[in-house]
Amino acid sequence: MAKEQLTPAETKTMMLKVADAIIEAEPILTDADRALGDGDHGVGMERGMNAVKEKLEASEYESVGKVFMDFGMAMMSSMGGASGAVFGTLFRAGGRSIKDSSTFGPQELANLITSGTESVMDRGGAKPGDKTMVDALDPAGTAANSATGQSLVDAMTATAAAGVAGRDASEAMIATMGRAKTLGEKSIGHPDAGAVSVAIMLNTMKDFITS
Amino acid sequence: MAKEQLTPAETKTMMLKVADAIIEAEPILTDADRALGDGDHGVGMERGMNAVKEKLEASEYESVGKVFMDFGMAMMSSMGGASGAVFGTLFRAGGRSIKDSSTFGPQELANLITSGTESVMDRGGAKPGDKTMVDALDPAGTAANSATGQSLVDAMTATAAAGVAGRDASEAMIATMGRAKTLGEKSIGHPDAGAVSVAIMLNTMKDFITS
Amino acid sequence: MSDLKKLINDPLKVADELVEGLVDAYNGDCIHVGQRSLALRNIPDGKVALLVGGGSGHEPIYHGLVGKNLADGAACGDIFAAPPPGIVLEATQAVDKGKGVLYLYGNYAGDVMNFDIGAELAEDEDIDVRTVLICDDVASAPPTEKQSRRGVAGLVPIVKLVGAASQSASSLDELETAAKKACLMTRSIGVSMSPGSIPATGKPTFDIAEDKIGLGMGIHGEPGVGEIPMTTTDELVPQMLDYIFKDFDADEDVDALSEGDEIILFVNSLGATTMMELLIALRKAKQIFTERGIKIYDVIVGPLVTCQEMAGMSFSITKLDDELKEYWNMSCQSVCYTKLEGHQGA
Amino acid sequence: MSDLKKLINDPLKVADELVEGLVDAYNGDCIHVGQRSLALRNIPDGKVALLVGGGSGHEPIYHGLVGKNLADGAACGDIFAAPPPGIVLEATQAVDKGKGVLYLYGNYAGDVMNFDIGAELAEDEDIDVRTVLICDDVASAPPTEKQSRRGVAGLVPIVKLVGAASQSASSLDELETAAKKACLMTRSIGVSMSPGSIPATGKPTFDIAEDKIGLGMGIHGEPGVGEIPMTTTDELVPQMLDYIFKDFDADEDVDALSEGDEIILFVNSLGATTMMELLIALRKAKQIFTERGIKIYDVIVGPLVTCQEMAGMSFSITKLDDELKEYWNMSCQSVCYTKLEGHQGA
């Protein structure tokens, strides 16, 4: 049964599912980072998601923003690595922008992603096209912003689709940031590992909301 | 055409053939030492035989004993390792015992091997049955001593056969000396690497003398 | 190495356990701080502190560079992962003696972001923090963009020099200046023949053909300038050093390496490459420097900047002036690198 | 390591080339003698000399132990082969300063025979030679036959101690006595997970099943007490140390290792085993010694006694008394091992 306006408890449940999905995808993320980076993205994200689960399962929420802030804080303090900082920033900043909301609807979705993405770009200096997670986040944010008038199901569906398309588009990009940078043209043909994580996260949120 | 009473020049030719035979057998010697030791016997013997060839090819001999002394000295100064010392001792001491001979006949063969073997046992403390080259040398010496009244062809044939039998007998022995020592009963079933070398040397001498 | 027979306990706990072991290796000279940091036991009050750090799995760096006349502390991440900001903060607090803390670490996106967030947290606690990035890998960017280069094995001579400088630095400014000079004067080039692996996955960090060498590869297997056919030491070493010579030449911020110059030469193994191979490579490098009239002031050789069982090696060259020589001549002691006063061949 | 991508030149010349490189690593502190020996540049007249040596391929030992307050020289063999007598002689002549030369090396048939012949040649030149064999591998013979044990990683602390003793020894007798004590007090136990190989053949030195550890294996892969299933650090380390404890117990020539005793602990890698693994093992060893009330006076950790890319590790324990502690506290410097005065955690 599709959902509109998630409660904080539902938001927590959704983000626990996100954590499980990422843990399950560890081998996929490992391989994506092996192709372009140092191969530790899967293990790092798994470590982060275990910390997330511990934190979220032990907490009750009145604000949906706080769910995401805790999600981000757990990642940031447990993971380290580039992804600990960028994903931590994404969810902490994104969550802070909706920390006064007690429900999660299309507007919160849009705020979460756009604020989070902006902070990620501030923190790490990546721009769209640099072949990072930003290339999945940025189109997802645009889609979410255009869908604030629609139902959460439709907004989330459009957002996830845009994130997946962004992940796919990252395959054709030349890496200019981080570990994959010196690959140059050889980085073409592989999606960015962080973008793969973002797509999995958005798809899992969509599956939760639409089911 | 079988040979009796080798000249110093023939003796030199024979020992150059021994050197070539050992070089060719490098992989066999390597594998024998891998099973029980550190796997370097083939390379070490090859190094020794190259030094032997350089020395012998550059020298002319009036004494047959001197051929063997140079053979031993070249091994001793180029090889190192257990085999450099024991094979060097074998040929230096064996050669010294016949250094006044201008021909190599059954008596010289017997003296070479028995004096050489004695010095090897003095140097390294190995006795027959300890699973070393001594187990090929000792029966070869006994055979050579019993054959001093026969033709060189027959004496050499009997000596080589005894050496080969000794090598084969070493398969059933338990190593008590050197690298293979701690193998204990597990050393059973493999011949000793140094005994394999001795058998090849004696067989090559036999082939030269009988052809 | 295809058959990984690593002797560990829980693969997810290797970073924590190795740091415990490292503290044991210091036998009391270092203390374990917070979650996963290391600090010298007795940092004098008023000392300008030097903090290093980075991912684990590269032992004996980074945390093995804490020591006498070296770094005061280290913030240790998980395998190949920068330490999270909380760990950076705990390490910063442990080493700060009121005169501020210099962060000196290899330039990787993850490290920069986490140390930066850690620095912001430290500033909130009124601790002065300054950062100098180690960017010594000439294969990773041209001289005009050298601030975007990776930090690789050059960190060993750099931390040695800056650790010495920190003993007498009167301010964070002064130490920052010394660190910038040590970094500017140090350049590295590496090659790799086969990958390391991550204990938690057992997977190699990259793939490379049986008959190829990755020229200019980074210490996690980041690609360098390209792959070349497997070759001999005497063919490879001149090619490697050429990158260093050309880089000093092309860089407008430094003079070319030329006759009469004195250098520290560090020959590093990434793990599987043996000391035998390093020494053979050192022999060739020495010939090349001698031909050019460049004097080797001191040598470091060994597997100090590793990536698990990765096969490969690197050269790091530090060009010395009188100030750097004075820092070099100080003794130092740590799990990673120890030297007596002076220099070899004095 | 199955895919051997060694960076060398002619596989038959590796020993010669690595010794050249080693001399370069000493940067003038050591000279190349004769065919393949190394000696300190300035050995004082009248010093009782200390000579080490053995096969190459185990770098940084044996020849890397030449250094300040360590060995005066080394006679270097080919890969895994004792040096021939001529090389032993040239090294002996280079280090003799009129007070005689102590040979201190690992007990292997090949080394004993070649060094003995070398000693005979040296005596012909009127040089006084004495020999002390290092026989520290408790897995290779019972305490009652300890003079037939192999010499393994214990040689590092032993040469450290004896090198220090040699600085003040007034006679060869005195140095021999000190060396015998250092040897008696030092015991080692090793394990191996996978073989090294000989550069000239590319062949592994032994075979071992994927799921097995060779317990008590020697540094060339000589068999030990048996094979056990692959396990974790925390399961393995107590088993290994038990052999050491039981050996001190059973040996009538030494007291048991007991509460209040002080030791040097050396954790060695045979090559492929990473510093990460050594540190995790050190962590467990430290717990065990702490439980028993045995004090670790100082720690050495690293790949110092290697066998090419062999995977494995060993513990060496030296029990100290006041005399040995004094020797230990001296500084030393070499390519293999360097320490400052005193000890960590003082």
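Letters A, B, C and D name the chains as they come in the text, with residue numbers starting at 1 for each one.
Note that in this section a contact is a pair of C-beta atoms (placed from the backbone, for glycine too) under 8 Å apart; a residue touches a chain by one contact, two chains touch by 3 or more.
Keep in mind that this is a model prediction, so the values were computed, not measured.
*Asks:* In the chain contact graph, what is the shortest path length, in steps, from chain A to chain B?
*Replies:* The distance in steps between these two chains is 3.
*Asks:* Just how far, in Å, is the C-alpha centre of chain C from the one of chain A?
*Replies:* Whole-Å distance between the two chain centres: 33.
*Asks:* How many angstrom between the C-alpha centroids of chain D and chain C?
*Replies:* 28
*Asks:* From the mean C-alpha coordinate of chain B to that of chain C, what's the distance rounded to whole Å?
*Replies:* Their C-alpha centroids are separated by 54 Å.
*Asks:* What's the contact topology between the chains, one of line, ring, star, complete, other?
*Replies:* Graph shape here is a line: each chain touches the next, no loop.
*Asks:* Contact residues on chain A for chain C in the complex?
*Replies:* 26-27, 30-31, 34, 37-40, 42-44, 47, 76-86, 89, 123-124, 177-184, 186
*Asks:* Which residues of chain C touch chain D once you look at their complex with the stated criterion?
*Replies:* Listed in rising order, the residues of chain C that touch chain D are 1-3, 5-9, 14, 17-22, 24-29, 56-57, 59-60, 64, 68, 191, 193-194, 199, 210, 213, 230, 232-234, 236, 271-283, 286, 296, 298-299, 301-303, 306, 308-309, 311, 313, 331, 333, 335, 338-340, 343-346.
*Asks:* Hey, which residues of chain D end up touching chain B in the complex?
*Replies:* 12, 55, 77-87, 108-110, 113-114, 116-117, 139-141, 148, 150, 197-198, 200-201, 203-207, 216, 218, 220-224
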